[in-house]
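Each chain gets a letter, A, B, C, D, E and F, in the order it is written, and its residues are counted from 1.
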Amino acid sequence: MRFAILVTEGPHGHQATDSALAFAGAVLERGHQLPQVFFYGDGVLNANRLSAPPAGERHPVRGWSRLAAEQGVELLICANAALKRGVREATLAPGFRIVGLGQLAGMLVAADRLITFGA
Amino acid sequence: MSLLHMVAASPFTHRALEACLARWSDGDALLLMEDAVAAALDGAVTPLPGNGPVFVLLPDLVARGLAARPLRHGATPVDYGGFVDLAARYDGSVSWF
Amino acid sequence: MAVKSLLFLNRAAPYGHGRAAEMLEAALVAAAFGQEVRLAFLDDGVFQLVAGQQAGAVGQKSQAELIALLDEHDIDAVLVEAESLAERGLSPADLMVEAEILPRAALTRALAGADMVISA
Amino acid sequence: MSLLHMVAASPFTHRALEACLARWSDGDALLLMEDAVAAALDGAVTPLPGNGPVFVLLPDLVARGLAARPLRHGATPVDYGGFVDLAARYDGSVSWF
Amino acid sequence: MAVKSLLFLNRAAPYGHGRAAEMLEAALVAAAFGQEVRLAFLDDGVFQLVAGQQAGAVGQKSQAELIALLDEHDIDAVLVEAESLAERGLSPADLMVEAEILPRAALTRALAGADMVISA
Amino acid sequence: MRFAILVTEGPHGHQATDSALAFAGAVLERGHQLPQVFFYGDGVLNANRLSAPPAGERHPVRGWSRLAAEQGVELLICANAALKRGVREATLAPGFRIVGLGQLAGMLVAADRLITFGA
């Protein structure tokens, strides 16, 4: 089955990102497809390469980049939401790509299931 | 079409669970996750669906030191694999924030 | 691109949280991309439709301007839950758009009838 | 010591206003702002303090198209200058999220 | 620096929102800077004190580790509202720290008695 | 009277920042003092110079910088919270300064009134 994930909160204010990462891993472990994750609203803050938590603490931005590198999951962030929040091409973590909102529509249409993580 | 309803906010702090239950259909299921796992604890005074299964995300119970406590009648713990299975089994899902 | 029936669930009041505006933008774009888009306003989401908004009073962009676009775009339905209006002391006459006012039971059926429900 | 209690979340969505009212003392005042201004509208079924003044931030009513609507008995609109005056007049303040 | 009596209001459950941890960090630093610091746990904040937390299950830093620091630091009082515990099916025996369990009326008086109340 | 303001939400997810800015302006207009505003939690995102909302839309980051420049209000952001969220010295908007949490304690002790804006 083909899953889509939408993330609407940033990585450090809420648990939503941790839940989304754990769910994404489980989707792939169960043998389902997860071609894309879309980040909208404050969710685009997950793409900030400058995020530097203390050593030993959770590092969600890196978690997403690893998911992209190891599993080929595309990480799409909304251009409008990103510009407002100061997430730029130059500060994008590996695996993330800035796209238009049309890509969100595309992800929804292509997927069998959508799971949203927010607050 | 049966739906999997997902609630993450604590029912003591938010009204998301109430909003969800107000739009409940026969055949739907509820997944309590993050702070909302508190709604599944035995003794909690917050509402649950009158019919239909209630699942609770186990890692969220464990993190909060609540995994050993008795759950309310009919609440079933699931891990993330079980969460994925539920999402696949139901026709669709709704997140209530 | 195939066509799906997408139901956007608008449950947040305008201005207090950025999600109200961003949800509508996503819905408008999905409609522009040829999807079958229905908007449901329930709970505090019904405040988004109240006539006479002046967002400048809190320095924000008007949610009313986005709402006004619904008519021009190819939005297939604007559904409003009657109970949500009543609980807030609002009536259909207070709204700035033509909408289908539905009882809760009908709105619940609309949820189940969509190919996908988007909430944020 | 009298306190100015501030609530910004909608009482239909969050329980912040309830939490505030549960810790109310004689002489305290309430300021409703942002989405919480909905609690001040005539016809709203959400709770208000049994005693003590209730203020509503006018720019938030105006933005939401609610300024012309009747307010519940005893609710008084204030602008940001009035908000500052209240903060200065009361001995302290508590924000309820 | 003068000394003030600061009351930190902890109303959020741990892990769901970053504020639970960040509030405690702020309180610990204020105590280290010689302020008179009291912590009040009420509403969902009482979940922060529950014994047996294993934050690794959701990949987070343990709130329990921060709570354990309260004893070592110069925190003047840890107050817990009895009604908040009872509503959640919790009892004082479930908590991991020594705390003053107070009825709601006493906690309300503590609010009014502080020089400043900090909530986040 | 000496006021202190604490902001705990970012500039684009919630109204908290707008309310804080309007309140700050009113404090000064009423002739009170506002030496400092402290940004904590997701509030540190208010300091991101890269934030670029569409022309004509609200621009809270710039609003804060203007408050600092015109009224001499110090804008303090918590170092730990900022590092986690990828707000760095190099991307700081004018008027903001990265400080330790001890400065929050200092602000509280020096002020007569604290008003917190969050969600």
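Operating definition for what follows: a residue touches a chain if its C-beta (ideal position, glycine included) is under 8 Å from a C-beta of that chain, and two chains touch if they have at least 3 such contacts.
Everything numeric in this text was worked out from a predicted model, so none of it was measured.
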Intersection of the contact lists for chain A and chain D: B, C, E, F
Set of chains whose contacts include both chain F and chain D: C, E
Chain D against chain B, contact positions shared by both copies (same if over half, else different): same
Chain of greatest Cα-centre distance to chain D: A
Contact-richer chain pair (by C-beta pairs counted) among C-D and C-F: C-D
Maximum centroid distance from chain E, chain identifier (CA atoms): C
Mean-CA-position distance for chain E and chain D (Å): 26
Separation of mean Cα positions, chain F and chain A [Å, integer]: 28
Shared-contact residues (touching 2 or more other chains) in chain A: 12-13, 15, 19, 22, 41-42, 57, 80-81, 114, 116, 118-119
Multi-partner residues of chain B (at least 2 other chains): 8-9, 12-13, 19, 34-35, 59, 92-93, 95, 97
Sequence positions of chain E contacting 2 or more other chains: 11-12, 15-19, 43, 58, 60, 116-117, 119-120
Chain pairs in mutual contact under the definition given at the outset: A-B, A-C, A-E, A-F, B-C, B-D, B-E, C-D, C-F, D-E, D-F, E-F
Complex interface listing, chain D residues touching chain F: 6, 8-9, 33-35, 59, 79-81, 83-85, 87-88, 92-93, 95, 97
In the complex, chain A residues that touch chain E: 12-15, 18-19, 21-22, 57-58, 119
Chain D contact footprint on chain F (complex, rising order): 1, 3, 15-16, 19, 22-23, 25-27, 29-30, 32, 113-119
Complex contacts: residues of chain C adjacent to chain F: 15-19, 58-61
In the complex with chain B, residue positions of chain E that touch it: 11-17, 43-44, 47, 50-58, 60, 64, 87-90
